[in-house]
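Structures for review follow.
In what follows, chain A forms one complex with chain B and a second complex with chain C.
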Partner chain A sequence: MIEINNLSYQYNNGSKVLKNININIKSGEFVAIIGQNGSGKTTLMKHLNGLLKATDGKITVCGMDASKTKTSILASKIGFLFQNPDHQIFCSNVFDEIAFGLKNLEVPRSDIESLVNEAAIKVGIEMYMHTDPFSLSKGQRQRVALASVLAMGTEVLVLDEPTTGQDYSEGLEIMEIVKELNLQGITIIMVTHDMELVALYAKRVIIIKDGTVLEDGPTEEILAKEESLALSCLKPPQIYSLAKKFHKQGFFKDSYTVEDMFDEIICYLEGERDASNG
Partner chain B sequence: MINIQGLSFYYNDSKEPALDNINLNINVGEFVGVIGPTGAGKSTLTLCFNGVIPHFQRGDFYGEVKVDDKDTVETDCARLAYSVGSVFQDPEAQIVSSIVEDEIAFGLENLNIPREEISTRIKESLEMTGISDLRHSSTTQLSGGQKQRVAIASAIALRPKVLVLDEPTSELDPQGSQDIFNILKRLNDVYKITIIVVEQKIQLLTEYCNRLVVMNKGTIILDGPIRTVLGKQEILEKIGVHCSPVTHLVYMLKKQGLYQGELPINVEESYILLNNVLRGIKDGV
Partner chain C sequence: MVEYIQSDSLFHKLNPITKLLWTFAVLILNDPIAIFVILFSNLLIASVSGIIKQILPVIKALFIFSFILILCQIFFVNEGKTLFYAIPYFNLGKVTDIGLDMSLVMSFRMVATVSTIPILMMTTPMTDMVVVLVEKLKIPFKYAFMFITALRFIPTFMGEMEQILQAQMSRGYHSDTKNPFKKLIIIIPLAIPLLVSSIKKIEKMAISMEVRGFASGPRSNYRKVSMNTYDYYAISVFIIIIIGSLLFL
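== the complex of A and B ==
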């Protein structure tokens, strides 16, 4: 699906922002890209839909060479959800906003309405079709931006800091939609600082540091690499930090969520109670 | 230090109040966190402390806000600036100078502070925020975290008694966010500055604040010591405020009757009390 081979990117003044990046992402994966501010995460993402062209190396997206394919074509395969949805919304009602990309791709008029409605229902905003997007909350505007991207039949969704600047429940709403989309087969790449989010949703984690890949592996494995996380000004999720303190005593070795730890405690105490009664 | 009585505020042309009958008293030396869902009125409230509301933001203002014994309706923003320092979410929107030193001097010059005094205060506020080495740096080449520290340094150079911050870490990575809160803790512990910080990062508020104010739809629905407020998780969940994971875990154990003590505010406390719970000991930290 996405193959990044020895990718490098440097500014005109010669400073190298990305150095020899090698990453393969398969269809259907849910990957978190993490790293400190300025590590190159967003710069890397902008190569995926051709907003930036590599100065060295190659990116292949859905079989297309990103350096040789028009951004407009790449954009129909890879959808971006920016940190600030207002950067990608500009129509005066939700329907037009979602239909915009389809019109640009010259999709027949007869198909547009059903595609728009389908996308709106997927993200739960079908009741706002005739509403001005700017009168909606930030979380709702994010869903409008998401619907616009989905309507074009995107196969890969790139999210840039999806929960920054929002309250907890708004963030959760968008993530649950994203999780459902992943279950339906859409590949998700999420750039974030929020380690709790990474632990809850991502199956694979890539740490970018100083423009290179520092770590790349399954979530549980990377969360255990405290030194690498610290080098990137990141911390393991709080529950994981707590669970780890008990590993030597044999507890919580596979518990990464509040629910997991709670269940394990209940089981253990019931076992102790039965043993002392028995 | 801050006394608010019956405060209501309607933005121009709005029929719904952004703030609805707020009553709030904050004492000297407190470290207060303010949290709530989007649209709760948190930012609007911060604008009432420094006088932007009502002096620069049009609308209908009711009730009374007194900061350091000054009525914010009767005192202009410049005079209030001696008492209240403000730091907003986007440091780019606040930084006006190209060199850090000039940035900090700016507010002081505007308030006619004598020259020799300005130099002393620049040195002092850079030390207080841990960025003495950035004194002559260009503000355009700083990282997000460094810019936030410059914004804080500029605000405290006026030696305010209260520092009000509106989501100062929203753009920062976890370490950067913690660094900012460590600075706030130092300002509060060592320099006795009263801190009021609006944040969505509940983990940081839990670890650093001694009091939590929870807002929803323009009103204050909870206000008290941090552990007490965190204990009202059903109310918090209902409005979409989620506790930090370790606090939530212990709350669930408490509901199950497996623990009877205070809620923990960080991993270290959780570790101690969880060890006890696993041994069947139900009492405190």
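== the complex of A and C ==
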């Protein structure tokens, strides 16, 4: 789906932001990209849909050479949800806003309505179709932006810190929608600082440090590497650190979600109860 | 754009008042020869101040603008000998020698005088400029503040614009159309988000200024900007040049 080979990028002033990046992402994956601010995460993402052109190396997205294809063409395959929905919202009602991408792709008028409705239902904003998007909450505006990307029928969805500026429940709602989309076969690449979200949703984690790939592997494996995380000023979620401490004492496995740990504790306690009863 | 560029050059060290005087002195000089000298001296000053790389694109843009100015001017002068017609067959668009002379001098004068302003901006920290405007020239602080805020926001808005453009391009937006009417419509997806986010930004700024006591009464200045020997030299040079030009040109 996405192949990044020896990708390097430097700004006009000569500073190298990305160095020799090699990443391979298969269709249907859920990847989290983490790292410090300024490590190059967003810069890397902008190469995926041709907003930035690689100085060196090759990047293939859905069979297209991303550094040679126009962003407006890549847009039909790879959707971007930016941190701030206000950078794209400009229409006076939600319907037109969602339809904007479709009109750009010159989708026939007769198809637009059904595609817009479909996308709106996917993100749960179908009741706001005729509302002014600026009167919606930040979380709802973010969902309008998401719908406008989905309507274009993207196969890959890139999320750049999708939950910033929203309250916890709004953030989780967006993530649940994203999870559902992933189950429907859309490849998800998520840039985030929120380790809770990483542990809860991502199947694979890539740590970017100073423009290079520091770690790349399954979520459980990467979250276990506390040294690598510390290098990027990140910490695994608390529940994970707790599980690890127990594990060192010989209790539990290296579990990493609240549910996993709860199950283990219940299992252990039930065993205790049975033992004391029996 | 016209942002302050840090350097240790002599021109940077001059008092903002001296530099303001310089921009006015340039305005007084009217002679065609003087205009070319000014243009040349501006480039000289820019290169000595280490800002030539940033100033050249500005001057290039000014020349494009001055060319438009010539086009607007040249066909409306009737005096003098007719040199040629822009559309010969219909005898339309008469160009006379006086007209050509006048519009050339005018446009070069525009470039020469206007190009001093970005040089002034790039070599003078805005805070110093405000101190001078308010303390020495007695301009009300509110107006001085408005002036520097407007300038300060230009790069911010340009950054914002870039992000908006990228966000719209990710939705298949493309700006490559030849139809001039479509070009006008195509700006809307960029202009509205920019307008909305600027208003939000400015509202936030107004609140953050108010909570820090903006316009609550008399104010003091932390920075002191004083005249040094170079300023007196520079001002004397301006005066000599102006008097000289008045006497001999």
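Methods note: the second predicted complex is superposed on the first by the 275 of 278 C-alpha atoms of A that agree within 3 Å, B and C clash if a C-alpha of one lies under 4 Å from a C-alpha of the other, contacts with A are read in each partner's own complex, and residues count from 1 in each chain.
Here, a residue touches a chain if its C-beta (ideal position, glycine included) is under 8 Å from a C-beta of that chain, and two chains touch if they have at least 3 such contacts.
Values in this document were obtained by computation on a predicted structure and should not be read as measured data.
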Handout entry: Which superposed partner A:Glu196 touches (first chain B, second chain C, both, neither)
Key = first
Problem - Which partner reaches more residues of chain A (counting touched residues only), chain B or chain C - result: B
Practice task
Using the superposition on chain A described above, determine whether A:Gly79 touches chain B (first), chain C (second), both, or neither.
Solution key: second
Practice task
Would you check which partner chain A:Leu51 touches, where first means chain B only, second means chain C only, and both and neither mean what they say?
Solution key: second
Problem - Partner chain(s) touched by A:Asn37 [first = chain B, second = chain C, both, neither] - result: first
Practice task
Check whether A:Leu242 is in contact with chain B, with chain C, with both or with neither, and answer first, second, both or neither.
Solution key: first
Practice task
Under the contact definition given at the top, report the residues of chain A touching chain B in one complex and chain C in the other.
Solution key: none
Fill in the blank from the handout: Residue positions on chain B within touch of chain A in the complex are 36-39, 89, 143-145, 167, 170-176, 178, 200, 202-203, 240-242, 244-246, 248-249, 252-253, 256, 258, 267, 270-271, 274, 277-278, 280
Problem - Footprint of chain B on chain A - complex, ascending - result: 36-38, 137-139, 164-170, 172, 193, 195-196, 230, 232-235, 237-239, 241-242, 245-246, 251, 257-258, 261-262, 265-266, 268-269, 272
Handout entry: Complex contacts: residues of chain C adjacent to chain A
Key = 160, 163-164, 166-174, 188-189, 191-193, 196-197, 200
Exercise for the section: Show which residues of chain A lie in contact with chain C when the two form their complex. Expected result: 46, 49, 51, 70-72, 75-76, 79-80, 82, 84, 86-90, 100-101, 104-105, 134, 148-149, 152
